[in-house]
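See below for the structure under consideration.
Should a chain be cited, it is by its letter among A, B, C and D, assigned in written order, with residues numbered from 1 in that chain.
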Amino acid sequence: MATPLMAARAGVSGPDIDGFRTVQRLAYDCAEAVAAQLRPGVTERQAAAMMRRWLADRGVHDWLHLPFAWFGDRTAFTGFKVPHQFFPTGRRLTEGMPFILDAAPIYQGYTADIGYTSSLGPNRVLDHLLDDLAVHRALIVEAVRAGRTLRQIYLDVDELMARQGYENRHRAYPFGVIAHRVGKISDGTVRPHAFGFGSRALLGLLQDGVRGHREGWSPLWNPRKSSDHPATPGLWAVEPHLGFRGVGAKFEELLVVQEDGDAYWLDDTLPHLRRWAGRGISGSLATGSAPDADPPGETAARAVVATAEAIAKEAV
Amino acid sequence: MATPLMAARAGVSGPDIDGFRTVQRLAYDCAEAVAAQLRPGVTERQAAAMMRRWLADRGVHDWLHLPFAWFGDRTAFTGFKVPHQFFPTGRRLTEGMPFILDAAPIYQGYTADIGYTSSLGPNRVLDHLLDDLAVHRALIVEAVRAGRTLRQIYLDVDELMARQGYENRHRAYPFGVIAHRVGKISDGTVRPHAFGFGSRALLGLLQDGVRGHREGWSPLWNPRKSSDHPATPGLWAVEPHLGFRGVGAKFEELLVVQEDGDAYWLDDTLPHLRRWAGRGISGSLATGSAPDADPPGETAARAVVATAEAIAKEAV
Amino acid sequence: MTSLYDLPGARRFEVASTDGVRLACVEAGNPAGPTVLLLHGYPDTKEVWADVAARLADRYRIVAYDVRGAGESSRPDATSAYALHRLTDDFEHVLDAVAPDGRVHLVGHDWGSVQSWEFVTTRRTAERVASFTTVSGPSLDHLALVTREGLARPTPKRLSRNVEQLFRSWYVYALHMPVVPELAWRGVLGKHWPAMMARSEKTLGPPEPSLPEDAAFGAKLYRANVRHRMAAPRHDAIAEMPVQLVVPDRDKFLAKRLYDELDRFAPHLTRRQVSGGHWVPRTRPDLMARWIGEFVDQVEQHGTAKPATAAATLASKGRKARRDEANRRRFAGQLAVITGAGSGIGRATALSLAEAGARLVLVDRDAASAERTVDLAQVLGAAEAYAETVDVSDAEAMEQLAAKVRATHGVPDLVVNNAGIGIAGSFLDTSPEEWKRTLDVNLWGVIHGCRLFGAMMVERGQGGHIVNTASAAAFQPSKGLPAYSTSKAAVLMLSECLRAEFASHGIGVTAICPGFVATGITGATRFVGTSAEKERSLREKTTKAYKRRGYGPEKVADAILRAVAENTAVQPVTPEAHAAYAASRFTPRVLRALARVDLPK
Amino acid sequence: MTSLYDLPGARRFEVASTDGVRLACVEAGNPAGPTVLLLHGYPDTKEVWADVAARLADRYRIVAYDVRGAGESSRPDATSAYALHRLTDDFEHVLDAVAPDGRVHLVGHDWGSVQSWEFVTTRRTAERVASFTTVSGPSLDHLALVTREGLARPTPKRLSRNVEQLFRSWYVYALHMPVVPELAWRGVLGKHWPAMMARSEKTLGPPEPSLPEDAAFGAKLYRANVRHRMAAPRHDAIAEMPVQLVVPDRDKFLAKRLYDELDRFAPHLTRRQVSGGHWVPRTRPDLMARWIGEFVDQVEQHGTAKPATAAATLASKGRKARRDEANRRRFAGQLAVITGAGSGIGRATALSLAEAGARLVLVDRDAASAERTVDLAQVLGAAEAYAETVDVSDAEAMEQLAAKVRATHGVPDLVVNNAGIGIAGSFLDTSPEEWKRTLDVNLWGVIHGCRLFGAMMVERGQGGHIVNTASAAAFQPSKGLPAYSTSKAAVLMLSECLRAEFASHGIGVTAICPGFVATGITGATRFVGTSAEKERSLREKTTKAYKRRGYGPEKVADAILRAVAENTAVQPVTPEAHAAYAASRFTPRVLRALARVDLPK
């Protein structure tokens, strides 16, 4: 889920990276633990509360936003028109139903924002969507490395979805973002309020927005002109969200963009990566993830551009 | 003008031929003489009366039909719907106006039925129509010689008119005839009555029709199935009638069909022939007319058929 | 039309029933397969099933018999000999003969189905029936009960249903008249009946020679049962086995709404709707055989009919659920060929048909796109899905496609000629090459598709439907889309002419006219008279505008499936397409004024 | 747009008139030719005639001058200095300078024409005028007289004419306001006027720099004369010389009906009607120059204008006479290109235009037929007529034709894309080759014609009209004519789109939709799915049926000329075409039912 954030400057230090990785793992562990407990009849509100309790039990007291849970065709944001529709409802889980759990805990000053998609029992359609998310994950990091602008990458993802036959559902988020910046937050005791968003987070959004406006970049990543620049160094919570005939799927994880323009996904051991590995899936592009992988050379950049161009040239 | 007629059997004798030729010349002389007297303001009725008087003065007391005169767009039978519209009206002649004189005197037992077209002063349109009648005269006699059925020849003439850009106006005649048979009439003192047609002529039509029906031929020449046979021996009064944008033109003269299927026009010294000669016009087919011309061989027959086929194949 | 006796392994035999009646039976087909018992209606004989049986014989054991009074079976004179309990006796005797131990899959048409309802709700026979497929023959008990309820607690819906069926049942009253029906059948009616039916059903083979006698004796079926059962219906007539209901949508004798409440009497009910008249066993044997076969297979394998796919159930609520169910009824098992299936409306239509369980041949000039649609279709539950890479403007390639489809999958039931390209820009900027490309794809693609697949459908004689994707631009002129509008107006007219021609073959034709719909087409539209740079920007802007419009190709796909089900001639889709269609009829001047407006650039 | 001063042999000079006014004059062109004196209107200068003069210069001696208050002439301040007798003095002084002995051919536009009426009805100047061509400028005397009669003996016609002119004359009242017009012209109006006019007149060059001052001083022309003359008109204002009246049909400032009774004041009157707005000297210079030249030539040769052709006079009575006269006014001297001119509707249209005195390029793929039409056209009085043998489906041949027409005859004013072929038979019987031939001729022929000649018309910027022969089959689907209907529906849509595009260029587009008309087309219609024998018989029968119908191509030609004159968008012709057009709008279901009817065979 897209959330505002505190300003974070580039060049995140090694210990900081570990801190972000720790909280992101904690959040995904939470999602997996709660998912394992879901049974037919559980409501979205109950699932969200389970996540909140699980994380609170493990020392999380501050949030970018309180946990979200979407069941059934709400995973695809079917019929969503106004923001309050994102909040958990009394929708009950049934056999075969897809669901998404979304949490953004702040732990020891480090923020995570994760999305976990699964279903209660087998769901062929969801399986297909989850499989197809892999190539998006690869496309995004390669494109960032190749220095394409955020707007271009957004449109690349759009085109890839269109080819895949899916709808872009992150368009439904406030400001239509596919990602937003995430920063380290000075420890505090502020509790979320105001519709589930931390007040300092809202303040941070404003500060980041004002500075970005002055410096020509945006803390939000969407298809507007303000995103027509390469990714700024720092951490980005990226969440491509596919929709297909009432079923939605996304992941949300942190992308680290370095001062030199190189980029990598913060963690390659997350549940969806394990799932893809188990099914023998890798993105159709080089899966460049950790910083110790080959540096993004000419080849990778060309591959991204070629893919993007192939997309652009798509025949009817 | 189409008229009913007394039955005439084939094989007209030499003296008979002379008799027919004499009365036909008399009728054309009449038309020329009356035409020379026409002045602006003369009505159709007056012109018809002039012809009647001229012929009566020269010994004609019996008629296939009384003389007709048509002025202006009545030469093209514009708007003619019912037969009585053929009768002379009070329409007055003006400068440049086309006119047609039509007479069918019976003289010494021989019948003529002639049509004479001209205009009061120059008329370019009429000149063009009169010129174009020449090829029809040639087409008809050649086609008869080649043994094409009357129906086929009628359609050939139709097609030729369409190519020329003209309308077929003899379609407007009663029964849509282009020609009818003419015979020798036993001398008598019967005077025309009943709408200007001789009563014996009406009777003759009936007799001929009944016999023709029995023997499979028709005394009328039109595009119906009953005309789908070669010309029967005897004399035919043939009158192709062109119409074009309110101007009509025709000739009417006798065609002699012999027992052996050969055919020729009774007289080649008629006014329209002299006019064509004066303008250097001959039909586009061999102008075969008198019986002493080359007998209609393969060549002529093929020419007619080829013309007819070319007509039939006409592209849009 | 072959005879049942000509089927492979056919064996004719007689079964003696009660009261001395001898029943002419036939057994044929695969002796190792499940037994399918086919029961004919009135005024037919078992031969009404010959076409269907021929298509089932390789995998199933086929049994059929002439009902008493019909064909080669005895014709008792007494009306009472035709009462339902006598017919049940007959059925039991046949079962004893052909399946003394196992169970049979019962299929009944018309009166064959009416009496089958008695068998499947009577204990001694019901337990010997594994599944029941009912075609155009309701249970007299159900009919009586719902009619009474309609009178007792009338709602407008129930009332109008009763009135409708009242009118459709004129023949039932007629058959109750003494002597007259017999005289009529043996006289003028028997003579003209086949021609009358052939006209009304569009395609129907020659009649059985026994028709007049079958019809005359068969009248006793009505007299012996209808009045009695309508007066005293059984309340416990519940069919516990899986029941497949096949409803022809142009059945002159039965109102479709008669079955609205059938779930009450058949809890394991699968519904199917077929485009056809009363005699679908004769006029739609391919589809009938497919549905019977699939149903039998499912019951044999799972003991019950396959539930709807998980995704479909989950996503379904209210109107969408009803639509999905209607699509499944109509399109399950049907073979559809879709061009331009790699994106936009073509892909969305393929996916909607996939959800309905159709079999799909998905054509696109881009192989990868077509393959991708196949993947998605399979995920959504398509019975089968194949990709074909063909440029629809290529006559030879289209001929090869048609030949291949026919050889591999059979004659399609539905063809959607959807492939098209967009072209925008003024007339004067449109080069002859661009005109040619536009007409080649948008018009010639449709001509080829209609010609090749239409000929197949006509030859097969089992109906079908062709959908051509025209456009709102087919009736809304515009200075910005001259070539596109022209090509689409041609498609619209072609569709209307074809519809007129194919009506007599029972083949429907629909021109679908979307308005501004967000599909891939705008991303590839050629904007003539502009630089490459400007064209790219126009494409992006137009695509964005179309997306913002939010009218997706899925809605067009919905409209297509609905139009096919209802055999609509011209189907505008978006509100502005509806408006333009209405305006083209009532105020062409308004359209002409609109035509001069510059497109947003 | 050149200046008069740039014409060959141009000489500028001044003429001193009464009250110290100096008139800026120009003389140019062929010094041996007749003198044509061009008089401009308000708020123009003599340069308004530059385009027309350029086209006349090679054969005529051109004289023009700036009216007092305009351009480079003096601008007296007193309103009284602008009275008509002062203007007559000016004219007389110019005549003395340029034609002291001979006579001139006077041409006036707008106020130039208004004052010319005074000159040609005032003895001292009238006898020095050989002919007068008047454009958009009535005589104040005539105006006053007919307005009074309208009030004195009001008929509905006269009344409505007066009211119409009342509204069109708003600017006359406005110009009578003191000071305001001057301020407006020198301010915001002078600035925006050119753009306003360019939009309303479709094409118009840049204004003269002196416009604000011309307009400000010119207002005095109205103030000095209008009120006075309207109050006390002369009753003897009769123009005895040949007068040519040119009426633009979209003149915003003058009602066409104003000239209904002009024959009373100009006994030797030739009327012309041009499709255009008020400034035709600028927007239609080709046609204006042609009409002026032809009129001058006739008067020089015969001392009078050529009478209508004999045939036309003879055949004319009542409605037909009025129609023929209307056609002569509208089409005399205009260049028309007609395809398929060798027969049927094409030939009939050519002949109607020939009667109207048009110039004709007659195209047919059959050389003999085209030549024959040329013969007939010449007989009927065509100004010129040429035959061209071209297959309209041949893109290259059409390009050559277009280039040749332009080089030899100029840009056409009217193009009739009429060539077409008939094809009948069911869709399934129509082979791809037959589809191709049908689309090639019926659709591609129209595309090529519209594209090539349309581009020329747009480039010339002097308006024009395109007629495409569609068919009633374009809105009436039929199972018997699928390929024909499809091709014609495409033509109809193409025409509607083109009309929208060309409206801003002042070029009209009409789709003509005949119904069953007896033309050659049925005799050559391809009846697919039949034997050669059967086809021949079908052709004969159809042709006969069409002939019996008696609706000839002449009536279609009438409809075409009327539709061009009125710039109709879609013109159905026969009653059944009208009915089908109406039905296609209001009850398409009826058409769909009709579509299934078998054609008479």
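Methods note: a residue touches a chain if its C-beta (ideal position, glycine included) is under 8 Å from a C-beta of that chain, and two chains touch if they have at least 3 such contacts.
Everything quoted here is computed from the prediction, not taken from an experiment.
Keeping to the contact definition above, tell me which chains border both subunit C and subunit D.
For subunit C paired with subunit D, there are no chains in contact with each.
What is the graph distance from subunit A to subunit D, where chains are linked when they touch?
Tracing touching chains, the least step count from subunit A to subunit D comes to 2.
Using each chain's Cα centroid, which is most distant from the centroid of subunit B?
Checked the centroid distances; the maximum from subunit B is A.
How many Å are there between the centre of subunit B and the centre of subunit D, using C-alpha atoms for each centre?
45
I'd like the Å distance between the centres of subunit A and subunit B, where a centre is the mean of that chain's Cα atoms.
Between these chains, centre-to-centre, one finds 99 Å.
When the C-alpha atoms of subunit B and subunit C are each averaged to a single point, how far apart are the two points in Å?
Here subunit B and subunit C have centroids separated by 69 Å.
Quick one: which residues in subunit D touch 2 or more of the other chains?
Residues: none.
Where in subunit B do residues touch at least two different other chains?
none
Among line, ring, star, complete and other, which best matches the way these chains touch?
Graph shape, chains as nodes and touching pairs as edges: a line.
Can you list the subunit D residues touching subunit B in their complex?
309-311, 313-315, 340, 343-344, 347, 351, 355, 365-366, 368-369, 372-373, 375-376, 379-380, 419-422, 519-521, 523-524, 552, 554
Residues of subunit A touching subunit C in their complex?
Answer in residue numbers: 72-73, 94-98, 122-125, 127-128, 162-165, 167, 244-247, 314-316.
What does subunit C use to touch subunit D in their complex?
Answer in residue numbers: 395, 426-428, 430, 432, 435, 439, 443-444, 447-448, 450-451, 454-455, 458, 474, 477-479, 481-482, 485-490, 492-494, 496-501, 503-504, 569-570, 584-586, 588, 591-592, 595-596.
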